[in-house]
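Provided herewith is a single structure, encoded as structure tokens, for subsequent inquiry.
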Amino acid sequence: MESFDYLFFLEVLTGGLLSGVMYSLVAIGFVLIYKTSGVLNFAQGALLLFAALTFVSLVERGVPFYLALVLTFAIMVLLGIGIERAVLRPLVNKPPITLFMATLGLSYVVEGAAQLLWGTQVHALELGIEDVPFKFYGVFISQFDLFASAVAALMVIGLTLFFRYTRIGLTFRAVADDQFAALAVGLRLPRIWATVWATSGLVALVAGLLWGARSGVQFSLSLVVLKALPVLVLGGFDSIAGAIVGGLLIGASEKLAEVYIGEYFGGGIEGWFAYAIALVFLLIRPSGLFGQKLVERV
Amino acid sequence: MAAITSQPVVSAKFPGWIAPLVILVFTFGIVPFIGSSYLIEALLLPFLALSLAGVGLNLLTGYAGQVSLGSAAFMAVGAFAAFNFNLRVEGLPLLVSIALAGGIAAAVGIVFGLPSLRLRGFYLAVSTLAAQFFVQWALTKFGWFSNDNPSGVIDAPKLTIAGIDFDSSTGRYYFALIVVTALTFFAWRVASSQTGRNFIAIRDNETAARIIGVPVLRTKLLAFALSSFIIGVAGVLWAFAYLRTVEPAGFNLDRSFQILFIIIIGGLATIRGAFLGAALMVVFPVVLSRVGSFLLGDLFDSGMLDMSQRIVIGALIIAFLILEPDGLAALGRRLTGRFRPNTPEPVG
Amino acid sequence: MVNAHYTALDETSAVREYSPLPVSRPSTRRVANVDSNALSQPPILALAGITLSFGGVTAIANVDLAVQPGEIRAVIGPNGAGKSSLINVISGQYRPDAGNVSLNGKTYKQLPAQKAARLGIARTFQNLALFKGLTVLENVMTGLTFQRRSTFIGQAFGSPRARREEREARERALQIIDFLRLGHVHDRLAGSLPYGLQKRVELARALAPDPQILLLDEPMAGMTATEKQEMAGFVRAARQDYGTTIILIEHDIGVVMGLSDRIAVLDYGRKIADGTPAEVRADQAVIDAYLGVAREDHEEADV
């Protein structure tokens, strides 16, 4: 009788959790925008791709690392502000599903523009971290994944502090709570939304760089958005903590499912397993683990 | 605007019998004679298949308000089901195989439509994505669907109906045209009946609809079933009449988005919207590539074409959602003043 | 044989007569006396001990309500008193934490909302729940859809039953539309009408199936004095000619006093008074909570 290989299980689990962190990074960008404007930004993946491509192309053209970083951030901020003004503002009173479809269209525009500008080849992205696995109590852990988790943790802490303790963060929360009331108190909504999109652009940049370093910068990068949606369902669309927890859960269960039950299905279930979990959640607890329940008033 | 204008707003049925008659005469009688093989193969056949898919999706998303991002999956179900029925059941007429395939697609549609009983808006969209990924995976993974063909790509069967060979390009055109005409007529009849009104009622205010006695559960599942049936048959047309191969790759997420874009651009909750949108989708890449090579010469390669296409389509979606949420159908009919908008403007 | 004739409020239109309508159920209640003083009759609707809370906030606390057949019953009270919640309990949208609802003698813990229409309950909504993508006529016809037996296939292919049902529904809808003087807009999209007309369309849709009980959730909100007069006239006519029992939530006290047979007053989820308009007007608890002292020269909206 073969005893259960705990070490292997831990390894898969850890790998899954760390992979899940990468999902969370993407999901956080969604949450930021959803929290403050109620828009589910399907174009977040495209923005990721745009950021990664811009950075890599600048570096390849000889721009120094940190300068390229700053330039890309500036471009992302401008892009975010442009999107808010050209796409979101004209649609401000439309139902959420209209806005969602607009972001679908937006994702096409950004993806196309990114590749039209910088080309369609695959690029390698070097961040200076060696992807060398090291052993930790008998379990193999990827150094890169650990670095990514550290970055994610920093970002979450930074954002949480930002929301809770700074003035701008407070206004974000006010707008998320009640846009009309925010207007009534004199908060300038357009400026706030522009800031939100800029912040989201920063998150996209960080996530884009990490993902790009991990799997190369190519078109399929924009498809990470499809992994982020189940994370949001699990964690709640408007919760950063939820994005983290959801990401970890999805990442872990995906990997575990692939390894342990994948054989019964012939393998390859990683592609849809996250969605299966999301579906179950949608039917039991649509607002997710941390999200706010919406009460519908008739 | 104090006075209530007396301009009557006629509902979006076929505008009198003249226009459809003219269209039918033209498409059945004239086009096959003036159209080249290229026109049919490259433009008309995909146009017909995509239009039908659009008609189906419009019933679900435009009329009944249930957002679906998984329509390509149902096209795939239809195509593969028809292939398997035709292959495995001795002596089954092709038309019957296709009808049964539509039935299978409808059944799958009902299963994946069950979440709509509890979910709305983009929650429902997320669950339809599950359908898209799962179906594509299943069709690729289980060789049985492709008759264990090693390459996974199968040839579509010859189109022989009641002994008549429809396999030439003109033949396939007629076949697709007949199917599309029949199903579009059926969809129009449903949309104009109380069932169609129930769809719109559920879209506009589900709670009120439930209380006044619209059978919400049944109606939603019916919308999924009818829509998936039509989309399934559209998938058969796509594979059997246009591509002549049956493979899962062409029924991916991009295709689902394409069909959704077709009805957004063409006009949600109209029958003609699917055709207008599909026409634009099919014709536009051709136009773009001609214009592109004219302007940029050799610089304009296929990669550039793909990307420019993406940008323009995405921009069109955004533009339509902002400026004309009722799509091309609205733009066209505004001129003649006979139009039912989804988003009514206040009058008086 | 039922001849329904509706007198227009301003008395300038002639009395009209219509041929017998296809009514959904036998009109035994035509004969039911409209005299609300006959409280000896069993109530058509009775709420017993209803308690309802949302996330810790008590919306309704142990409320009883009995409604006699054919009466016009108002429920009034300050905002947040639980009036809309009570209506939502009656129409089956909310399940009370305690208590039950009795309809025609049958008791329910929660009235099945999907069956409300079949049980003879119709309602309008505080925030207007029209189907904006349908015309006025289509909206009203959809109020009759629950009576249909034809399937979607039958409707699509024009089966005799489907065609008959469509014809009958259309006739009935046009009659109601005529009654509520909406004929000039019957072909317009409901969403394109001015607010007052939209409210009337909602009433038409609710009246189309000839309901036993009509729940009106602030039907006069946002209307001008003339519009309120008209609406009140329609409400009265519905009771007069159809014997419809009407439960009404309304803020305009003048309207309520002039229109209702009996009034229940809610405050913070509890019922603080129940009686005729005269009784309620004089009730001290009601005055303290809601009405205030009437000014000498106070003019009520003359309905």
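A, B and C label the chains in the order they appear, each numbered from 1.
Note that contacts are C-beta pairs under 8 Å (C-beta built on N, C-alpha and C of every residue); 3 or more make two chains touch, one makes a residue touch a chain.
On a predicted model such as this, the values are computed, not experimentally measured, just so you know.
When each chain is reduced to the mean of its CA atoms, the one lying nearest the mean of all protein CA atoms is B. With chains reduced to the mean position of their C-alpha atoms, the one farthest from subunit A is C. With centres taken as mean Cα positions, subunit B sits 32 Å from subunit A. Subunit B and subunit C have CA centres that are 42 Å apart. The distance from the centre of subunit A to the centre of subunit C, with each centre set as the mean of the Cα atoms, comes to 50 Å. For subunit C, the set of residues touching two or more other chains reads 93, 125, 129.
The set of subunit B residues touching two or more other chains comprises 207. Among all residues of subunit A, those that touch two or more other chains are 298. Looking at the complex, you find that subunit C touches subunit B at residues 91-93, 113-114, 116-118, 122-123, 125, 129-135, 138, 141-143, 145-146, 148, 152, 155-158, 162, 165-166, 169, 184-185, 187-194, 205-206, 209. Listed in rising order, the residues of subunit B touching subunit A in the complex are 67, 115, 118-119, 121-123, 125-127, 129-130, 133-134, 137, 141-142, 207, 253, 257, 260-261, 264, 303-304, 306-311, 313-318, 321-322, 325. Interface residues of subunit B facing subunit C in the complex, by the touch rule stated above, are 4, 8-11, 186, 189-190, 193-195, 197-198, 200-201, 203-205, 207-217, 222, 226, 269, 340-348.
By the touch criterion given at the top, residues 40, 87, 90-91, 94-98, 100-102, 104-113, 115-116, 119-120, 226, 229-230, 233, 265-269, 271-272, 275-276, 278-279, 282-283, 286, 296, 298 of subunit A touch subunit B in their complex.
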